[in-house]
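Across the two complexes that follow, subunit A remains constant while its partner is subunit B and subsequently subunit C.
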Partner chain A sequence: MTADMDAGTRRVYLVLLLAPLVLLAGLYLFPLSRVLWLSVTVPTPGFGNFERLLTSSAIHNVIWTTVRICVLTTTLALLIGYAIAYAALHLRGWRGELLLFFVLLSFWLSVLIRAFAWLTLLQSRGVINTWLMGAGIIDAPLPLIRNEFGVVLGMVHYMIPYAALPLYANMKGIDPRLVPAARGLGAGPVQAFLKVYLPMSLPGLISAGILTFIFSLGFYVTPALLGGGKTIMIAEYIAAQINDTLNWGLGSMLATALLLVIFALLAVMSLFVDLRKVFGVK
Partner chain B sequence: MELAPSKPFRLTVFGAWLAILFLTLPFAVVFPVSVTPHRYLSLPDGQWSSRHYQTLVDDPSWILSIRDSLVVAGGSTLVAILLGTMTALACWRISSRTSEAVRMVMLAPMIVPSIVHALGFYQVWAQLGLLDSYPGLILAHAMKGTPYVVISVSAALANVDLRLEQAARNLGATATQALWKVIIPSARPGMLAGSVFAFALSWDELVVTLFITSRNVYTLPRKIWDGIQDNINPAIAAVASILIVLTVIAMVVRILLARRQARLAMAPTGP
Partner chain C sequence: MDQKELQSFQEDCLALLREKTEGQVVSRRAFLSTLAMLGVSPALFRLTPARAQARELVVVNFGGDAITAMTKAWTDPFNKTSSLKAVIDGSGGTSAKMKAMVESGKVTWDVVDRNLAASLELGRQNLLEKIDYSIVDKSKVRPEHAGEWGLGSYIYSNVLAYQADAFGGRTPKTWADFYNLKDFPGKRTMRKHFDGQLETALLADGVSPDKLYPLDVKRALDKIKSIKKDVIFWATGAESQQLFRDREVTMGSVYNTRAMVAKAESKGKVDYHFNQASVWVGGWLTPRGNPAGKEAFKFMASTQEPVGQVELFKMLGNGPVNPTAAAMVPAELKSMDPGSPENYKIQIPADPEWYATNSATVLNQYLEAIS
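And then the complex of A and B:
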């Protein structure tokens, strides 16, 4: 397509293409490469930091906690997001729009405000415990935060819009006449859904799932606030390496490993869907 | 599609509304807590007070943090619009393998976890003397915001005919004039949508901010974060209430504007 351009036009658009790239390279990719570099040079050159991945039981614990929470969060967010997206698309009139409005509202609301609201509800002197104790249902406050329950609750709450919105966009592309056709041919509603609709929505489900999982993996704010230092996921662990123990080698190694896992997941995802479509540039 | 709604469908709809309650109810608790007469986080028991809203006005640190957030979000949005629009325009016009690759690279900050690039920013900003400075935080946030502008401007340009540029050139415009007078106006809705994303992202950004600022640049998320860490006081509930109301207003305004635009677009042919 560049053949149709004269020299002047080409010069203008090459500048437009390259100037932001050069800035990104200097101010973003270079800092990122510093992290990769540190992981194999600090404190001593070599792969010593990466050996810790295999040998350190503290790291195993953090990784295991992170994976467990992310799998649970992704599963729940997908399930709930799927129900919302399906209902929003198939309800007629204002009801579907209202569902979508609330999902978008929750999408735009600040992550800190969400975590704060959950703290207000769940802490030991929070709204729920106060109410339950006032009503005489329990004697001692339930431990609702500073554990995996609180972290998963907060994370599912955050991730539902991230699952529901891409699922909704994907479902919009499914021919709405297919399920009625299957019903007309004698399938029950559940059968029609399982055999016709679900397979059609599977690519969207997989890509929404991987995206939700990727966002969950590196999540810092909500796990840090609702985990309260007891349930520690990898992002918080990395931050602690830098802030508390100044262990740049270990911190940057874990950051590098996290980055590699995420790119591997994206590679898997590209087998199912066109990544350019997922990121809205096609 | 005129089947009566099946039982499983009604169950799904019920589940969806339950999920919406789960999404929205936690925010509702913030409002009563913000008018509690007590010093600590609690529901008002019969009485209410506006003291925590008064705190926001009286305590200059809240106003200052809002000012810092506005400066940083405004500055980073401007930079992100510039970089993102340039990239999207070039990719739209050149549309080769190389330009596609450049566009994917520009999206990287969207996928890389904040904690990972926060470490990188800290390292390099320390060398450049940008730590705890407005330009430092603005540039970091601009990098994070640029992908959203690339995406929304690309979407806006997807429907613009490439021959439009050619037509402008044939009528005597230079390449730069065609860009300014013909193409950029078509990109404007995308620039607006992208800037909303970039602004919201910076306004709410915490992880990078925690790493590369300390006392000099002190944004609202940082202030809320420190407030939650120290001892949670109801002033945070007051800030949260205000932000929730503003978000709802912004969304309703956007929907009304979109409706009005749709009506205006319909007008010449409509009944």
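And then the complex of A and C:
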């Protein structure tokens, strides 16, 4: 707001701001606070539900599966996303744009459609196995899907745009003359990349990594469809507690814990990058 | 497809009917005209203010095409004689919604389509009205289907289905064969929700049917873990059928309704039987403080008539719960009726009592064991 704004205009602005704030508070913050409240009041008041975070082997199992898959997904998505972003920036003319277009294309496809596409491609009598067996390369179908491999594959595919696009934005800000300058001063190509380019792109890597990890934590459909029922991540487990066991205290505790982890990750991320930039506010 | 983690049997019947509808077994037009007659779409019901119209009785099922089936079998005949108009709300009567409704004191539902185990589980949490047997006729169901808070409405089973040509002319007859990967090679599929699954493991392990309940959970889970590597767990009925269609599995522990369709579409290459199957009973229940009061039980009583039950069996594949209705099932469909005397006696009724007490804990143990 500028200093010379008159009081009337200021009031209009405030009212305009108030409406969305009330809406957010009523439809988002209030229900959310109810969820937090449930986690410390049901079935008995106290931190009994949170104790189960430490004591229940079933919950440890779910958390371990979730963390393992999310770390794997994030790492692979970052590697591939980094290569794509780098290539898109350094390819000449339309080639770079075409590459980005393909990244965006998969970004626009529904998660369900992608999961079913992977099923069609990778199941025992799917396109890939049929072709490999027809060509005599393998005798029995490869277990490509309905296991953890399938889940990670599907999730990496989904997360690549989330990794590649922030990295691309970050790399665009790196002065393109720095690497040639390092080369001119006697660094080899690998050395120039490791000592000059990689450190410059590190903030991008960290923010893309945390973003990818946070999104991966909440995956539900992909593990359910591609995991053969044997990969149960935290979102699915929470849904079972709310809908089936009616153990709302446990479900809301897990949701609360997940939310706290995400806030913590965002706090870490804010040390490296401007969060408002990452979420497109600025 | 509605990808729910733990799809209920009712939701699956709808998905099944929807698939059949695309194949013109039930015409799309009939379905749409029913919706038009109702004047609303099921989705809209959820947006209307949380109060039933004064002269209505709200029956909740899992929506979509079951509105057609239950309208024809049950609400239309009821509305001919009743002063209240029964309408179907297809938004799905999940336990979570009922609990939220009753606890907030804003109950809008009168009759809900679930099963007997759920009736005990919710009834004990004081979320349901007791069935009024001065209105509902106890003699029209088997004694075990007349529950304190739930009345049997139809029968479905968890059966053994198999690829008939996968084992060199041999046929898997028991759950022991299901767990025998050496003589009956190939992948299996089981349900991702444990309803009816632990029973297969214990029967395969030699537990006699009359000693099945209370289920020995640890023993069952160990048995399931021993073949887990070769099991794909299905979340929706459609998925279980697809696994047979794609020949991803050679045997499965699936709903009889899905097995029936898989058999028909594969022209017998997929087959199934009711031997050692666990038989389940769909149940009507009434949330505590329902708006139409005792009228809910009048509706339940009207659904006990054999004619409507046979009608529903023809449309959805789940068997009549009224034993006298079995005789009215057309001869060519009799072998598919899970409630026929021949089929019923070779199956093992799931114990609602055991499930009501243990569901919440054992579901989590099951999820832990299979993941």
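Miscellaneous remarks
Following the convention adopted for this analysis, the second predicted complex is superposed on the first by the 263 of 282 C-alpha atoms of A that agree within 3 Å, B and C clash if a C-alpha of one lies under 4 Å from a C-alpha of the other, contacts with A are read in each partner's own complex, and residues count from 1 in each chain.
Basically, a contact is a pair of C-beta atoms (placed from the backbone, for glycine too) under 8 Å apart; a residue touches a chain by one contact, two chains touch by 3 or more.
Quick caveat, the model's predicted, so the values are computed rather than measured.
Among subunit B and subunit C, the chain that touches a larger number of residues in subunit A is B. Applying the stated contact rule after C-alpha superposition, one finds that A:67 touches neither subunit B nor subunit C.
Once the two complexes are laid over each other on the shared chain, residue contacts for A:112 go to subunit B and to subunit C alike.
When the two complexes are overlaid on their common chain A, residue A:42 makes contact with neither subunit B nor subunit C. Looking at the shared chain after the overlay, A:221 reaches both subunit B and subunit C.
Looking at the shared chain after the overlay, A:239 reaches both subunit B and subunit C. Of the two partner chains placed by superposition, A:273 touches none, neither subunit B nor subunit C. Of the two partner chains placed by the overlay, only subunit C lies in contact with A:146; subunit B stays clear of it. Once the two complexes are laid over each other on the shared chain, residue contacts for A:58 go to subunit C alone; subunit B is not touched. In the superposition on chain A, A:125 contacts both subunit B and subunit C.
Shared contact residues on subunit A (touching subunit B in one structure, subunit C in the other): 112, 123, 125, 220-221, 225, 239, 242. By the touch criterion given at the top, residues 1-3, 6-9, 12-13, 15-17, 19-20, 22-24, 26-27, 29-30, 33, 40-43, 82-84, 86-87, 89-91, 93-96, 99-100, 102-125, 139-140, 143, 146-147, 150-152, 154-155, 162, 165-166, 169, 174-176, 179, 200, 203-204, 206-207, 210-211, 221, 224-225, 228, 232, 236-237, 240, 243-244, 247-248, 250-251, 255 of subunit B touch subunit A in their complex. Within the complex formed with subunit A, the residues of subunit C that make contact are 1, 3, 5-6, 94-96, 99, 121, 125, 192-193, 228, 231-235, 246-248, 359-361, 363-365, 367-368, 370-371. Subunit A meets subunit B in the complex at residues 1-2, 4-6, 8-9, 11-14, 16-17, 19-21, 23-24, 27-35, 38, 80, 83-84, 86-88, 90-91, 99, 101-106, 108-121, 123, 125-127, 130, 157, 160-161, 176-177, 180, 183, 189-190, 193, 214, 217-221, 225, 235, 238-239, 242, 248, 251-252, 255-256, 258-259, 262, 266, 275-276, 279-281.
Looking at the complex, you find that subunit A touches subunit C at residues 57-58, 61-62, 65, 112, 123-125, 146, 220-221, 224-225, 228-232, 236-237, 239-240, 242-247.
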